[in-house]
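What follows is a group of structures, each given as structure tokens.
Here chain A shows up in two complexes: once beside chain B, once beside chain C.
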Partner chain A sequence: MQKLEDVVIPMQPTSISIQLLAGNENYDEIPYLKPLVPFDDTVISFFDELSMILMKHPQGRDFPDVITFGFFIRKANIKRQMKSYTCLRSNVGRGVSFHIAPSNVPINFAFSLAVGLLSGNACIVRVSSKSFPQTDIVSDAISSVLEKSKFSDLKRYISIVRYQRNNEINNFFSSLCDIRVIWGGDNTISELRKSPLPPRSFDITFADRYSFCIIKAEEYLDMQNKKKIAIDFYNDTYLFDQNACSSPRLIYWVGSAKLVSQAKEFFWSFLHEALIDKKYKLQSMTAINKYIASCQSALDYNNVEIPKVLDNLISRIELKNLPADLPERTCGGGSYFEYTDDEPDKLFDIVSRKFQTLTYIGYTNAELNSLFIGKGALGIDRIVPCGKAAEFSLIWDGYDLISHMSRVVSID
Partner chain B sequence: MIDNSFLTKPVFGLDSTSKSEFFIERLRLLSLHHYKSCNSYKKLLDAINVNPEEISDSSSIPFLPVSLFKQYDLMSIDSDDVIKTMTSSGTTGQQVSKIYLDRNTALLQTKALTKILESFIGSSRLPMIIIDSSSVIKDRSMFSARGAGILGFSIFGRDKVYALDENMELDIEALEFFLKKHIGKKILLFGFTFMIWQHFYKLLKENDYYIDLSKGVLIHGGGWKKLENQSVSQGKFKEEIKAVCGVEEIFDYYGMVEQTGSIYMECEFGHLHASIFSDVIIRRSIDFSVAEIGEEGIIQVLSMIPESYPGHSLLTEDKGILLGEDNCPCQRKGKFFKVTGRIKNAEIRGCSDTYATNFN
Partner chain C sequence: MTNEEKYNKAFIESFGIEKDKLNGLKYQDVISWDSIGHMQLMTALEDEFGVELDIDDITDFSSYEEGKNILSKYDVNLNV
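And then the complex of A and B:
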């Protein structure tokens, strides 16, 4: 039996209701469950069966994010992901993972559960108290797969719970866990950190981040698939109202003034077409907020140019230099800073810990690797082609989640 | 600084052609003045590449988001010339707008308000009941929107009484004394819509206490948001107020601390009217183009008054509909419109932080 360290586990709060959506309600037993190995066979086959239900779900058409998740957890994909983990032979799960899912990316809780289980841990997943159809679809599917007798043991490793904000419950689950996975940004993290963890436990935190895109004008102008690039860019940004951590907010153009200005014309007009095609709905307040953001930049920085644009779907703010406080400006809804230079090296001056995803157009990943990796940048955790900014992977935000959430047993 | 002859023109007597000539010229000159005197304003116009010299129609006058006055100290005068700073109402912790006035702009505000109100209550001063507490206006150099409104309207009052005490309780004794003194006379009542409902109407109703204000004219403003939350429509408001005190004439107004003075008064037909001191433009959120009559959009307000701060053209966060121009059955010329509410906060998708706000 797993030894619990010198921590007194608080009694489960009885007065407050914890709603169980799927899995094990006997929370007190969870710390005593045997950790699994990463990519455990039962876990893989559980997700494969879950995948089959979700991919064929009658409501799947309305919720592409559910389908994306279903696609991610199918056996073939997991096996492929496993290939990069050949060095995990002596790893085991750390024990109990407690996940706090964000309240505005509905499917996120499911991905968090997947990494928790795939790395060998029992998972207590707190879903948002806001109700989303996706939460019910996935939780119900999980429940029905767990009903099968072959998963009766695995069922003890999964608790999908919902509760109103409550420190007592946060304290309770925090006291049970070896890893606490906190999504949702800086405020959520500081809120949860009020609940103490056992001595050896730790947090994996997904804080507020800043992302940007680099485009080589000359290469872009030569590309034939500008329409596809526009849709990719749309998926990185407008799909989440430009508020995902990975959504680019700054476009760094590389090239001569002349080429960049040509490239901009193509890029923004193709994006505008994509917005019309996708029937992107601009809310009135978003339009106002974007205008406010443009005005603020004009007042706060020098020599800002706000080009005349067709409408308010795309707001552009052209900068003559790169201010250090850019990551604080997170208007969203399609508000872009633009900066132009002959070389990409000015980026270095502003890349701070807050920088997460660099998407690129007109570069190869090798070029960018040699530009950034090993050069001492404080930030940038992901370098991915335009269109893949929001694609979930087992390595996220600089964490190799499987390695992080499992324990290495060193054997000599 | 700029020609003030517009103050002598009829407030609601000019049709669009006769108004626009001097209106656009005055707004062009104001834009130029602020461009030269307010560095922030200049930076903004430079960024959007607008030359204030070239402004030729009112829809092309750049507008500032009204919330900019919360984040920046915007003024076009030397700070030594500030005689009053007005702030918007806001709950604790919220940022408030700061509006800096010099003597001249303060004077223009008073003159504009006077001219507008004369069209509704006549030019003689009336006994006045202020449906608020006198504690609101204690500090005379720092005005909240509420205090500014009360003081602004007070110039129409002869003998004044505050209907509420410091605890926002009805001061029955003072009211009865006042009414006895002015029995049979026309009385001006002024207050903020929500205050009137919450602290005046409700108390009268609950105590089943009827005061006779059938000779009163009630002017109120401040917005409907809080009352909408209590499902009180404009119609219901009027009906209920009438029922508890008999007041027949009730006029709402639309205005904001950022454009004090040039308020939009509601006429006998329930329409808000632009005076010659002001104009409204309803804009589409998709591209800020000018909406048609009858089409809902974002309200932009223009005013001839602000000289000490660049607030002559503002994009509000209110929605409204233009109902017509020069043809309101009340005979007043100019644009008339209605306000349909606050623009609601955007529902944001994405993974930014909403855990905390979700529970507040």
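And then the complex of A and C:
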């Protein structure tokens, strides 16, 4: 054990390799780096330069999530985000943030890095052991920006790492951090919570969440841009194989049986076209899982209807009521529960803490406001138009991340 | 480079199109002006003219001509 005054920090495990994708490999020095103020100028400049590389990246068109991230971190947007934070003058970063990125959304690690740095902290970000092109594209771009001499100091604040699941390494990084940001759901949270944290450090956890979509049939039928809506829905779902926590799994149709039936014809047909256009590849295993999910629902619930579909790309399970355990059913890859009602009220029967994102088609903000705010539901952290489910925000899962990850120094 | 040349360059580079396509060009007229292309164009214009576009203006920026009107609100004169 290395002792420095009162601080005891376990030695970095040497037996297992930690692959450094970008930034600082000298992990021992990281707890002693000076925290930054939120929205530090050098950090904003770093992200702006990173944005320029990513927005023009030759592979950008293949990876819209990389472009979306680049667009989010550009200076104009960061400055816009800053305007919401008028009371940060006494805030400073807590020190070190250790991020465990999920394996279902490849670009997530980059957003986590952004909130960590923008809130004033050094960031150790563990990316998924699964390899994704987006991870390489962004890490390489980060490395190249950090080579500039004006970022030589900032480089010490960033470590993008990859290692196979390992308690020893988790223990090591957990012992260095002030904040541990755990993405990846309930199982990952349990795993990381086995690693102790120093007394003042805490977790920010992103647990398993459930998301859904509400569609007003009459409005949908009148819309001229049904093709665009299908692409928006694709971006919310299939872009992540329907595995993002914000990907809708239930579609709540509002309208008469006749209107809903007409709307469904268009909706699923346009979506299928979009899947063909985008050459979506369904894995055999997923096709089987979806089939099992459909059969299981038919066995477990009353009066389930499995509509006939063209192929395995879209699986639909039509329900006559909303069972309380529906959020436990999270088969991905294009498996959708559907429920129809004249009114949206039945939603409240099943909304629980697990509910995160509600996407909508055919509703106005005012209607949604009067429906959901003030009803005292235990869940639903955000309500966004179809197409924006995965749009990242500095406020996520009900956490105001900039405020949470910085600390207030009170001076009387 | 004049402002108009800079404006055109942003379109030409973001969408990989020729100058003769610019007049009357609207969102989704060419495949490359989809939501991805739109983000790329907005970023290029912000960089080129040193402006920070409002979210409403980004949403309303639906054509080559409309864009010129929008940028004039940011004191970018595109008739030079």
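Some points to look at:
To be clear about the criterion, the second predicted complex is superposed on the first by the 395 of 412 C-alpha atoms of A that agree within 3 Å, B and C clash if a C-alpha of one lies under 4 Å from a C-alpha of the other, contacts with A are read in each partner's own complex, and residues count from 1 in each chain.
Here, a contact is a pair of C-beta atoms (placed from the backbone, for glycine too) under 8 Å apart; a residue touches a chain by one contact, two chains touch by 3 or more.
Small disclaimer: the values here were computed from a predicted structure and weren't measured.
Of the two partner chains placed by the overlay, neither chain B nor chain C lies in contact with A:Q134.
Of the two partner chains, neither chain B nor chain C is touched by A:S119.
Of the two partner chains placed by the overlay, neither chain B nor chain C lies in contact with A:N24. In the superposition on chain A, contact of A:G332 is made with chain B only, not with chain C. Using the contact criterion defined above for the overlaid structures, shared-chain residue A:E191 touches chain B, although it does not reach chain C.
In the overlay built on the shared chain, the residue A:V105 is in contact with chain B alone; chain C does not reach it.
By the touch criterion defined above, A:I288 reaches chain B but does not reach chain C.
If you count the residues of chain A touched by chain B and by chain C, you find the higher number for B. Put simply, chain C touches chain A in their complex at residues 35-36, 39-40, 42-44, 46-47, 51-53, 55.
Interface of chain B with chain A (complex): residues 40, 43-44, 46-49, 64-65, 67-68, 71-72, 285-288, 298, 315, 317, 319, 343-359.
Partner chain C is touched in their complex by these residues of chain A: 51-52, 55-56, 60-61, 64, 67-68, 70-71, 74-76, 79-80.
Here chain A touches chain B in the complex through residues 100, 102-105, 108, 128-130, 164-165, 183-188, 191, 206, 208, 239-245, 247, 282-289, 291-292, 294-299, 302, 304-306, 308, 310-313, 330, 332-333, going by the rule given at the top.
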